[in-house]
Amino acid sequence: MMQAHEGYVTDDGRQIGGTVMELKNITLRFGGVVAIKDISFDIRQGEIRAIIGPNGAGKSSMLNVISGFYNPQEGEVWFKGYRRGPMKPYQVARLGIARTFQNIALFDGMSVLDNIMTGRLNKMKAGFLSQAMWWGAAEREENENREAVEKIIDFLEIQNIRKTPVGRLPYGLKKRVELARALAAEPQLLLLDEPMAGMNVEEKEDMSRFILDVNDEFGTTICLIEHDMGVVMDLSDRVVVMDYGRKIGDGTPDQVRSNQDVIDAYLGVAHD
Amino acid sequence: MDQVIFGAEVFLNGLMTGVMYSLVALGFVLIFKASGVFNYAQGVLALFAALTLVGIQDGQVPFAHLINAAFGTSLHHFGWTVPSILAIALTVLVMVLLAFLIEKLVLQHLVGQEPIILFMATIGLAYFLEGLGDVMWGADIKTLDVGLPQGISDGIETLTAGWFGYGFFIDRLDIWATVIAALLVAALVAFSQYTKQGRAMRAVADDHQAALSVGISLRFIWVMVWSIAGFVALVAGIMWGTKSGVQFSLSLIALKALPVLMLGGFTSIPGAIVGGLIIGVGEKMFEFLIGPMVGGATETWFAYVLALVFLVFRPQGLFGERIIERV
Amino acid sequence: MIYREAGDFKTSYRDDSQTFPIRLDRWGYYAILAVAFGIIPFVINDYWANAVLVPFLIYAIAALGLNILTGYAGQVSLGTGGFMAVGAYAVYKLMTAFPDVSILIHILLAGGITAAVGVLFGLPSLRIKGFYLAVATLAAQFFLVWLFNKVPWFYNYSASGQITAPERTVLGHAVTGPATSAPAKYLVCLVMAFLLAWLARNLTRGMLGRKWMAIRDMDIAAEIIGVDPLRAKLSAFAVSSFFIGIAGALLFAVYLGAAEVGEAFGINKSFLVLFMIIIGGLGSIFGSFAGAAFMVLMPVLLKNVLVGTLNWPTDLAAHIELMIVGALIVTFLIVEPHGLARLWRLTKEKLRLWPFPH
């Protein structure tokens, strides 16, 4: 069994709880290439956890291990007190892990509303016949879940585009819709894959605010990867630093900032 | 023992049919590699080429049927015949013109569309060309003769009769088809490996954007590739047309080329050839061994089911490149 | 300004998700239903039933089915003809084996049997995608046609190899067999088309429809947010084949009366229905009807003009029809990949602002 961790209180006074996810000695290989080597860390209830590192450090692979898209050759993944075996991606979603993607993965042919509604598909249990007749459970569920989705739409300030096909939206708004879809699932753990990539300063500020608000308002546990050091340090409670598939630092932003290995990795000191 | 020898003959005949399939499949692969278009119309292209060849040879008046209906005339032939070589050359010209028009009117407007949209567009193209061929040259079955030797090869029959006490029936046309197909493949490989245009073609196949950025004209390459495919279609049309007459069923061999490609992979020239041979031999042997038990005529579906079963286990085909999915 | 949504406020999510949120659309829809059910049955004659309305309704059902699979779930199929044949032969076997059971039940059962066959041929879709799958569905097309041709049990060992529909009645009126009246044919097909369109609408606006569209738009992302691709794709194959099976059953039993499999359900039928949804609009219920209407009406009109008025030979007209169909497909894909349905929507958007576009 996993050891119970004491929580801690952040500088701004939020109570962080016990461990939600724990990764133990993860090693991931593609053929002969080692993408992740022997990495362990944990993610705790209610915190914003970041994984940072230069390009090619293995951050995305790490996120894909957490989200169950890749199965590591070695190591253990523990989620909510249970060891997670190899799973299909859609089964992982049912455990309560939602994510966004670096290269936005929205459903372009569907409206914003429908996209966000897909986030709630695990909450809707109406049978086939009920859906076919649009009677009873199907209609009731549709309206209840619509209400939940409308709250998220209000929260992310995208009311005016709800019926627009996603394919027509600009980049920044697409990112927001993707966040909305992930939130709609009411995840236990929310994974954000470079949420700020390709954004201008203003959009980055908006996105940072939404991430903080989500964490604050819904108490969602968030794990994000990002290569923009500045944003991450302001945002997160604890940071894992990766380089060449290894973990070279782990701790609060201040601890990480003063870590010599991290400084070397970011300033490009030659590896020996 | 008789069964074995008879089976061997079926096997050989299957190989010959397979060569024909490969020939059509080759046209598919060329276009697919260079433009990412899965050209359903390849078979109709073969039919159209064969119709045009016969029409020119016999000195038919194009669109005679239409003109007669519209103006009450009774045109049919110019009254001359054109020698085979000249007719073939003229048909090649027509096919190049057709390639140019297809690029200009269809492909150019569909750049960057999803592959499946392009695929459906070529189905539309196939219908159009089928109608056009019929309106231009009439829909009656025509015989095509460009002087290729036909009939059972006596030499082989006597030779095998000497070996097994049973003479194999091999059509001389099939032997010629095999030789011509082999030459055509060799020529295409040489073309794509050793000429400037061939290299440009491969570059386009690899990456459209990158090819554009080094100054290769996409339009030129596409016209060229469709012209070559038209030429390959003409060769296939001549072979099949000589064998079983120029008629609509000719375009159905194109459908047979689809499972060939699924087996061989859409991007591989050797794949098209091996796939064609496997399908040719497979369907003849299946009909020979299993056909009598289930009522025969299994050739209509065997190729597709084989390809389907095969694909489920190896989705990229025999020689296709492996597709890696990423998020 | 006649066509507008301003002032047409919605106060509940239920109102907002209804099929025709705009009042004028709703009225138009009720008016069409009133004409279709209340007027046409009393004025229809054999020519209109056989040349236009009955084939239109039957192909609309088939197009709805294919649209669910291709337009909504993104799985291209060229096996529609084969699946229609399953529906036709299923209803034939059921009709002749259980003559006392209502033909309507047989038609629905035929749809169910086709759904099962559709799921079977849908299994490879889990491994192969795009036009690979499209070509793989040709296996279904050719194999099924061959099967119904070669196994005499399917056509009850009839000497001609054809299947012929015996007379069956609904509420005392013949709906199959040679004695069927035009209104009876029409009404059976109309009721079926109406119910199935309603079913399709419900399925596509709910969660199942969203799962299908998610798979269509980006299958990997769909799986990561929790769509089980196996269930989503197979359910699309099942529902789609159910519709197509019913269309096949109606085509044989009500419309043709007798059928030979290769002729009635060949590969051309697969393309015909595919063309309907391309021209009508992929992923649109309205488009399925519009496409079916277009592809049924066009040859009739063409024939009337070329053969009837200009006195051109029939075969020439047929060849010109091929050219026109092919050119139209290409044109639609180039100009408007979303088909007639999209054109209709654009017109409505213009009308909404009319006569003050600025």
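For clarity, chains are labelled A, B and C in written order, and residue numbers in each chain start from 1.
By definition in this document, contacts are C-beta pairs under 8 Å (C-beta built on N, C-alpha and C of every residue); 3 or more make two chains touch, one makes a residue touch a chain.
As the structure is a prediction and not an experimental result, all values here were calculated from the model.
With centres taken as mean CA coordinates, the chain nearest to the overall protein centre is C. When C-beta pairs in contact are tallied for each pair of chains, B-C comes out on top. Between subunit A and subunit C the centroid-to-centroid distance comes to 42 Å (mean Cα coordinates, whole Å).
The centroid of the Cα atoms in subunit B and the matching centroid in subunit C are 33 Å apart. Work out the mean CA point of subunit A and of subunit B, and you get 51 Å between them. Residue positions of subunit C touching 2 or more other chains: 220-221, 224. Annotation for subunit B: residues touching 2 or more other chains are 327.
Multi-chain contact residues of subunit A, defined as those touching 2 or more other chains: 69, 101, 105. Residue ranges on subunit C touching subunit B, taken from their complex, read 76, 123-124, 127-132, 134-136, 138-139, 141-143, 145-146, 149-151, 220-221, 224, 267, 271, 274-275, 278, 310-313, 315-316, 319-330, 333-334, 337. In the complex of the two chains, the subunit B residues touching subunit C come out as 38, 65-66, 69-70, 105-106, 109-110, 113, 115-117, 119-121, 123-132, 134-135, 139, 255, 258-259, 261-262, 294-298, 300-301, 304-305, 307-308, 311-312, 315, 325, 327. Interface of subunit C with subunit A (complex): residues 12-14, 17, 199, 202-203, 205-208, 210-211, 213-214, 216-218, 220-229, 235, 283.
By the touch rule above, subunit A contacts subunit C in their complex via residues 67, 69, 88-90, 92-94, 98-99, 101, 105-110, 114, 117-119, 121-122, 124, 126, 128, 131-134, 138-139, 141-143, 146-147, 150, 181-182, 185.
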